[in-house]
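Consider the two complexes below, in which chain A is the common component and chain B and chain C are the respective partners.
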Partner chain A sequence: MDGAQRQQIMASVQQQLALQNAQELLQKLSDKCFKACVQKPGSTLSSSEQKCITSCSDRYMDAWNIVSRTYAERIKREQHRH
Partner chain B sequence: MDLSSMSSQGIGDAQLASFIEQENQKQRFQSVVHSLTEQCWELCAPSISSRLDGKSETCLANCVERFIDSSNYIINKLGQEGAAAVASMKSNEFSTSTDFSMGAPDMGLQSPEFASEYSSSSTQQDKKSSWKFW
Partner chain C sequence: MSLNSLANDPELQKFVAAKELENQLAAQVHHLTNICFDKCLESSGNVSELSSRHTTCLQNCVDRFLDCTMLITNRTIQRMQQGR
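Up next is the complex of A and B:
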């Protein structure tokens, strides 16, 4: 396997993993925000439901970022301790 | 794509092996973040407004820290009680002719914190008993 092939494989793997992570985030976000915003499913998605889902999605992604940052910092701290 | 079953050993290409190891580590991290976000979201019940408020941010950060604290606590606690259970089992069930050279069964709970705590407590007991002779 030459260098270019290896680079290609590594890039492709990283792309697929990134996609997988985005999908997982979206799936959990959809679950939470549907539960929070659509209590009584009607024949269409109302504009207030849409607004709620938008806000909820923003908040969930903010939460994800906070958790990610906090967890990363905690790991760093634990590594320095031992 | 799931790399978790792929260990980096036995892969002759050193660069790929280290790449796989790195990506596995990143995926384990991401997996924990996904799961923690889901749980802490439920607990912290963020407000209806468009962006997270300070209270929710604090709650989320605390949630992450406390989850890790409780995981560590469980590992340590189970480690101590596991060793105590094994010690009492040995004295009650086995005769003196039993060969103890095999040592305690491996419960897979060998965390460094547990190991040092257990050995230091037994040396402390030795010190205490030598005091009685003064």
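Up next is the complex of A and C:
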């Protein structure tokens, strides 16, 4: 296998993992915010439901960022301990 | 390029191992976000922004959950060593 082929494979794997991560996030967002914002499903999403869902998904993304950072810092701390 | 050459390529193996670890960490972040969102934000309804109280709660939640996991792990090992 030459370098170019290796690079190609690594890029493809990286892409698939990024896609998987995005799908996971979207799934979690939908589950959480549907549950929180849509109590009785109507024939359309009302504007208050839409606002709730938008707000909810923004908050969830904020939370994801904070958790991601906190987790990375914790791992670093644990590594320095040992 | 055969599958064999893929499997035996050391640089690729190292890359895949690193990505698997990365993937596990990413999965853990999803899991933690799920738990801590429920704990810290669920009762907050429709806030337009995360307050510093929310942020602190999320940070504490992550650290306390990991403390909890470590405690349980150590306790479980202890019990196994005691033959229970």
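Keep in mind that, in the parts below, the second predicted complex is superposed on the first by the 82 of 82 C-alpha atoms of A that agree within 3 Å, B and C clash if a C-alpha of one lies under 4 Å from a C-alpha of the other, contacts with A are read in each partner's own complex, and residues count from 1 in each chain.
By our rule, a contact is a pair of C-beta atoms (placed from the backbone, for glycine too) under 8 Å apart; a residue touches a chain by one contact, two chains touch by 3 or more.
Everything quoted here is computed from the prediction, not taken from an experiment.
Colleague: If we overlay the two complexes on their shared chain A, which of chain B and chain C does A:K28 touch? Say first, second, both or neither.
Modeller: both
Colleague: Is A:A63 in contact with chain B, with chain C, with both, or with neither (first, second, both, neither)?
Modeller: both
Colleague: Kindly classify A:H82 by the partners it touches after superposition: chain B alone (first), chain C alone (second), both, or neither?
Modeller: In the superposed model, A:H82 contacts chain B only, not chain C.
Colleague: Would you check which partner chain A:Q5 touches, where first means chain B only, second means chain C only, and both and neither mean what they say?
Modeller: A:Q5: touches chain C, not chain B.
Colleague: Identify the overlap between the chain B-contacting and the chain C-contacting residues of chain A.
Modeller: Common interface on chain A, chain B vs chain C: 1, 6, 9-10, 13-14, 17, 20-21, 24-25, 28, 32, 52, 55, 59-60, 62-64, 66-68, 70-71, 74-75.
Colleague: For chain C, which residues count as touching chain A in their complex?
Modeller: 1, 5-6, 9, 11-12, 15-16, 19, 22-23, 25-30, 32-34, 36-37, 40-42, 44, 46-48, 50, 55, 58-59, 61-63, 66
Colleague: Name, in rising order, each residue of chain B that touches chain A in their complex.
Modeller: Within the complex, chain B touches chain A at residues 1, 3, 13, 15-16, 19, 23, 26-27, 29-30, 32-34, 36-38, 40-41, 44, 46, 48-52, 56-57, 60-61, 63-65, 68, 112.
Colleague: Over in the complex, which chain A residues touch chain B? Could you list them?
Modeller: 1, 6, 9-10, 13-14, 16-17, 20-21, 24-25, 28, 32, 52, 55, 58-60, 62-64, 66-68, 70-72, 74-75, 82
Colleague: Under the touch definition given earlier, write down the residues of chain A that touch chain C in their complex.
Modeller: Listed in rising order, the residues are 1, 5-6, 9-10, 13-14, 17, 20-21, 24-25, 28, 32, 36, 51-52, 55-56, 59-60, 62-64, 66-68, 70-71, 74-75.
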